[in-house]
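Naming follows writing order (A, B, C and D), and every chain is counted from residue 1.
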C-alpha cells in the first residue's frame, strides 16, 4: 500500500464548451497538508466539488482510502471520512452553536437513518461531551447557546471547522478558510489550523493567501486553466520560474 | 306545436344565422354520409371498437371523421391553453422578477372578467321604467340610455361591450396591479413563501368577497358581439371537411397569441424589458448595477395584472363569470407554471397550450372508455410525469424555488 | 344583501327571534341532564320559543340560491308567527295552523352555511342541533348535502325537511324516517318530460347525454334515458363530465358529429349555465340540422337562477320544474305577491319548496299536538293536502316523497319582464309521475331513535 | 410504556443538572424546545391538557361550547399538529395532505362496515392506510424539493379527490359520501354478538357521539401533542430542523436526508389519517370534499396562522379557523341586532350595517382579512402575537431576565 490517502487520476469535467477540469492528477499523502493554489477560475473549487460528490467527473478516477469515490452521494462520501469547509459557511443558521456541532457528531455515531423519537437530543451524553470538547478547543464554548445567524463571519467559519472536526474525518477539505478575513483573524486561523494539524488529519486547502499556504502546507499543487501545472514543496514552488510566470507574478508574497 | 326548422332559426333572430342557413342545409346530406360511416355505437362500453375508430384507417373514411374529431379537440385545447398560458404568463412574470408566489393571481383574472361585466353594465345604464307586465308587486324594467339616445349605434356599442371593455380593463387592471404591489406585495419580497401564500390568499378571498357583495354569486351571462358569436366553418382552412368551430374561441386563441407576442416583444425589444429579463436571471446583480428595481417591479406587477385581466375579459363569453372564477383557475395556473418551469416565460406558454390540448384530447369519449376518469386527472398526471422526468419542469432553471 | 330590500320585514323578524340570545349562550354541557329527564327527545322546546334551523349554501357557487331559500324561510317564519299578510298559512287545506307560532310558541330560527359540502353542512346542522337546540333542520341546495344531513338528522332524532334536492336517492335508497322531501325528483322529471319530448320532437330521435359526474347526474341520466328510450328514442352516447369543469367545449365538439340530434344536459347550477351557453351561443347547436331534423337541447332540471345565468341561451329549451310563480292558481299568486312585496322579486322554485316545507312542518306539529318527532312524522306520512300552489299533493308514507303535478317548462322566447324567464308548456298530472316506492329500495329506519337526548 | 419513559426522563434531567440551555428556553421558545428541560415540557403538557379538557366551560361564552365544534377543534388540531411535523419542522410544504385525511376517513368507515363499530379498530386501520398511502406519495414526491414538491403533492391529492368523487364511487360512494348502514356485514360485531343497532361508533361500549366523542378526541389530541413534543425534542426532530435550516450541510455532514423527510411525511400522513378516522368516528360519513385542495390549503393556513414550527400554534390556528367557519357564518342580522341591543336604535342599526358584511354569509371576508392582518402584523402567526403580549405583561422583569442570560 502506498501512503497516499487520496489519489486523483485523469479527472476531466466539461460544462458545455468550457473545460473546467482537464486531466487533473493529484496525490495526497496520509497526514500531510496539501495546498492547491491558482488563479480564479483555475478549477480548484470544481475539483473539490468532484471530491465531495457534488459534481460527477466526465472521466478519470478518484480513489480515497482504497476505494473509489465516484458515483457516491455526498453523504456517503462524508461517511467515508471526508469533511469539507465551504467558502461561504454552510451551517444551520436557525439553530444554536451547540446544536450545530451536535448534528455532525450524531452523524458520526449513527450516520445511517434512525428514528429515535424518544431519545431527547440533549441527553445523548457521549455526543454532547464530544461536542463540548470541540467547542472548547475552538474557543466557541462561551457562545454555545447563541443562535448561529447572529454570529460574526469569522466565528461562523470557526464553527464550520468545528462541525467538520467533531466528525474526526480522515480528510478535511478547506475551501479558502481565510478569505475575507482581517490579518489578525487570518493569523488566528492559521494558528488554529496548525493546532489541529497535531491531530494528524490529512488536509487539502485551497487558498489565495500565500502567507497561509507557505506557513501550513507540506506540499503545494498549482492549478491553472483546469489542470495541474506544477507540484512540489513550498520551497520548490516558490523557486519554480514556471509558477512565478503563470501565477505568482501578481501575487503578494 | 313543432315549428318548422327554418322559421325557428330565424326567430332566434341572430343575424349571423340567416346567411349560413342555406349553406348549412346544403351541407346536411354530406354530413349524413359521414354520420353513417361513423357507425352507430350502441354499446357505450365497447372500448376496443372505439379504439379502432380513432386509430385505424377504414375504407369508408372513418379516418376523416376521427381526424375531424382530433382536429376539433386540438382547437379546443388551443383556446383553453390560451387562457392557461395568459394566466401562467403573468404568474411567472411576477414570480420570476419579484420572487413572490402570488395566490391572488386567479383573483386578478376574475377581476378582469368583472371589468367586462362592469363595463357592459355602465353601457347599459338604464332608465328604470315601471314594468306593467308584473302585476303582483312593483317591478321595474330597464332600457339602456345608449339605446334610447343613439338607437342602433348605441345598441351596437352595447353588443360589442366585451371587446370594448378591454379599453377599461387595461388601465383598471394596471392600477390594481400598482396598488397591490405598492400597498402590499412589496413588503413581502423578503418574507418566506409561506407568508406570501397566506397574505395573497387572504387578499384573493377579500377581493372575491367584495365582488360577491356587488355582483352576487350567480354567474353573469356575457355575450360575444353578434358578428363573432356562433360558429364558423374552418374546415376549408385546414383542408379537412366539415369542421365548424365557435368563432369567439378562435378569436380568443388569436387574442392570446397577440398578447403573448406583445409581452415577449416588450421584454425582448425594450431596455425596460432587458432589465426585467436580467432581473429574472439574476436579481442581485441587477440590484448591484444601481438600477432602481423597485419602480420596475411595480410596472412588472402592473403588466402581469393587466395580462391576467385581459385573459379574464375576453374569457367572459366562454365562461359566465362568477366571483369564484379566480379560485377555480388558481390551482390550475400554478400547475401550468410549475410544469413549464418556475421562472420561465416560454415554459409557461408552452405548458399552457400543452396542458390545454392534452386535457381536450383526454376528454374524447374514445379515450375515456379506455381509461375511465382520465379527463378528470390528466392535468395532474401530466404534472407528475413531467416533474419526475424533468426535475425543474419543461424549461425551468436550476435552483429556482427548490429550497 | 337582498334581505336589505325590505327593512320592515327584517325588523319584525328580529323581534320574533329576539329572545333567542339567552338560550344560545347557556353551555349545553350543564343543562343537558335537566331536560333529558322529563322530555325524552332531542331539543324539546322548553321556553316560549321553538327554534328552526335553516341550513343553506351561503358561500360557493350556490350562494344566491341559498340566499333565496333563506328569504323564503324568513317569510315562512313571519307568516307562522302571524305577521305580514299570512301568506299560505290561510290557504293550506286541511290546516291546523293557527297563526300564532307553533303550538303556541313563537318561531325563531338560526341559520348556517352548508358551503355545498357534506362535511360543512353536517357540522353546521350539528351546531344548530347541539348549540342552538333547533328542533327541525331544513334547506340544502344539492342532493349530496341533503342525503348527508338527512342521515345525520335521523341519528340525532331531529326532523329534516329537505329543500332543493332532485336526486332519486334522497327518497330512494338513502331515504330516512326523519327526512321529508317536497321537491320532485329525477325520475318524475323523466316521466313528465318524456311524453312532451315525443310530442315536440318526435319519436325517432337520437339523444346525446352530457352528465355531471356524480350521483345526482347519474340518477338523472338514468331516469331520462329510461323515459326517452321507452318512447323509442335511441341513446347515442352518455358522457360524464367533471363537476365544475367550466369549459365544456371538449365535451361539446363531438356531439354534432356523433349523429345525435338531441343534446340532453344533465347538469345543474354553474355547470348547466356554462354547458348550455357554450352549446347554444358558441357551437350554435340550436340552428343545426342533423339528418334533416332540427337539433334540440334539453335541460331536464331548470331553475330560475340558472336561467338568469344562462341568459339568452335558455330560450326555447325544454325542462321540468317543481313550481313556477306564474302558475295560475290562488296560492301561487298569494305567495308570489307576498314574497315579491317583501324582497322585490318573485320566489324561485327553491324558495317555494323551502317555504312550503316550513309550513308543512308547523302544520304537522299542530296536528300532532306535540313536537315529539315520531308523532309528527306520523302526522306527515300520507298527509294529503292542497293550497300550497302545487295542486293536490300527497306526502307518501312509504318513502316521504311528495307527489304532485310536475311542470314542463320552456325558456321563454320573448320575456315580458326580467322575471319572466320560463313559460309553462304543460302541467303533468300527479298520476303520471307517481311510481312504486319499491323501485328505488332503501329503508326508512325507525321512528324512535335515541337521538341527541341520549 | 409512557410512564416508564417519564420516570427515566426525570432521572436523566436530575442527573444532568441544569444546563445553560434551559435557562435560555423562554427566549428561544420561538425557535424550538429542543434544548428545553423535560420539566417545562411536562408543565406545558399539563397546561395544554387542562385547557383542552376544560374547553366546554371556557369556550361556552363565545358560543363554541357544544360537542361538535369542540370535536372539530380537537380533530383539526391533530391534523395541523401532524402537518406541522412536516412543514414546520422540515420546511417541506405539502399541498396535498387532505388526501390522507380523506383516506383515513374512508378507511375508518370501511372498517365500520366490514368489521366492527369499535373505534379502536377503525382508527388503527385509518392510521395504517393513511401511512401506506403517504409512503407511496411521499416516496415519489420527495424526489423533488421546494415548490416542485408542493405541486407534486397537490397533483396526487387532486387526482385522489377527482377519482373519489366520480370513478371510484363503488369504494367512496362519490358525492353523497360513504355511510354505514344496517345491512353492513360487520363481521366481528356479529361474531361477538354485539351488532350495534344505531350504527354509532363506540369505544368498547361507550358511544362516541356528543360529549363522550369530544373527550375521546381530546385525549387523542393530548396524546398527539405529547408525541409531537417528543419528536421535536428528539434527535430525529433535530435532524428535521437541520434539514429545514440547511439541507446542503446535512448532505455534507453524512446524512441521507430523504429517509428523514420520508419518515416525517409518513408520520404527518398518519396524523392526518388519525384525524380523518376521528372525523368518521364522531360522524360516520366520509365525503370526497375532505380530499379537495381547499382542505389541503386549509391545514396549511391553520398552521401558518397559528405559527409555523411552534408546538401550540397549529392547534390554535385550527381552532380559530373552525370557529370562524362554524360560528361566524351563523351570525345573521337577527343575532347582530340582539348583540347590539344595548345601543340606541339608530346606532344599533348603524352597527349592524357595519358589522353584517363580515359575518354570516360574509364570514369568508373576515377570514381573508384575518389572514392578511396576521401575516402583516404578526409574521410568526398567533403564537408570535401571544408571545408579544406576554412579553409586554412581563415588562421589565422579562427584560431583566434577558439581560441576565446575556451576561451568563
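Basically, a residue touches a chain if its C-beta (ideal position, glycine included) is under 8 Å from a C-beta of that chain, and two chains touch if they have at least 3 such contacts.
Just so we're on the same page, UniProt names per chain: A = ATP-binding cassette domain-containing protein; C = ABC transporter substrate-binding protein.
A quick note: this is a predicted structure, and the numbers were derived from the prediction, not measured.
Novice: Whose C-alpha centre lies nearest the centre of all protein C-alpha atoms?
Specialist: Centre-most chain by C-alpha means: D.
Novice: So using the touch definition from the top, which pair is joined by more C-beta contacts, A-D or B-C?
Specialist: Looking at A-D and B-C side by side, B-C shows more C-beta contacts.
Novice: Which chain's mean C-alpha position is the greatest distance from subunit D's?
Specialist: The most distant chain relative to subunit D turns out to be A.
Novice: Just how far, in Å, is the C-alpha centre of subunit C from the one of subunit A?
Specialist: The mean C-alpha positions of subunit A and subunit C differ by 74 Å.
Novice: Indicate the whole-number Å distance between the mean C-alpha point of subunit A and the mean C-alpha point of subunit D.
Specialist: 43
Novice: Based only on mean CA positions, could you tell me how far subunit B sits from subunit C in angstrom?
Specialist: That gives a centre separation of 33 Å.
Novice: Distance between subunit A and subunit B based on Cα centroids, please, to the nearest Å.
Specialist: Going by mean C-alpha positions, subunit A sits 54 Å from subunit B.
Novice: Could you list which residues of subunit D touch at least two other chains?
Specialist: As it turns out, subunit D has residues touching two or more other chains at 162, 165-166, 364.
Novice: I need the residues of subunit B touching at least two other chains; which ones are they?
Specialist: 213, 376
Novice: Spell out all pairs of chains that touch, sorted by label.
Specialist: Contact pairs between chains: A-D, B-C, B-D, C-D.
Novice: Within their complex, state which residues of subunit C touch subunit B.
Specialist: Going by the criterion above, the answer is residues 1, 59-65, 67, 199-202, 213, 234, 236-240, 242, 244, 246-247, 249-251, 253-254, 256-259, 270, 273-274, 277-278, 281-284, 286-294, 305, 308-313, 315-316, 333, 336-337, 340-341, 344-346, 413, 416-420.
Novice: Which part of subunit C faces subunit D closely enough to touch in the complex?
Specialist: Touch list, subunit C to subunit D: 1, 3, 10, 13-14, 17-18, 20-21, 24-29, 32, 58-59, 63, 66-67, 109-113, 117-120, 122-124, 126-128, 130-132, 142-144, 147-148, 151-152, 155, 169, 174, 213-216, 240, 242-243, 443, 445, 449-450, 452, 454.
Novice: State the interface residues of subunit A toward subunit D in the complex, per the touch definition above.
Specialist: 52, 73-76, 78-79, 83-84, 90-96, 98-99, 102-104, 106-108, 111-124, 144-145, 147, 163, 167
Novice: For the complex, which residues does subunit D have touching subunit A?
Specialist: 5, 9, 12-13, 16, 19-21, 24, 28, 31, 34-35, 38, 227, 230-231, 233-239, 241-242, 244-246, 248-257, 259-260, 263
Novice: For the complex, give me every residue of subunit D touching subunit C.
Specialist: Result: residues 56-57, 60-61, 63, 65-69, 72, 162, 165-166, 169, 173-177, 179, 181-183, 198-200, 207, 209-211, 279, 283, 285, 287, 289-290, 325-327, 329-330, 332-335, 337-339, 341, 360-361, 363-364 of subunit D touch subunit C.
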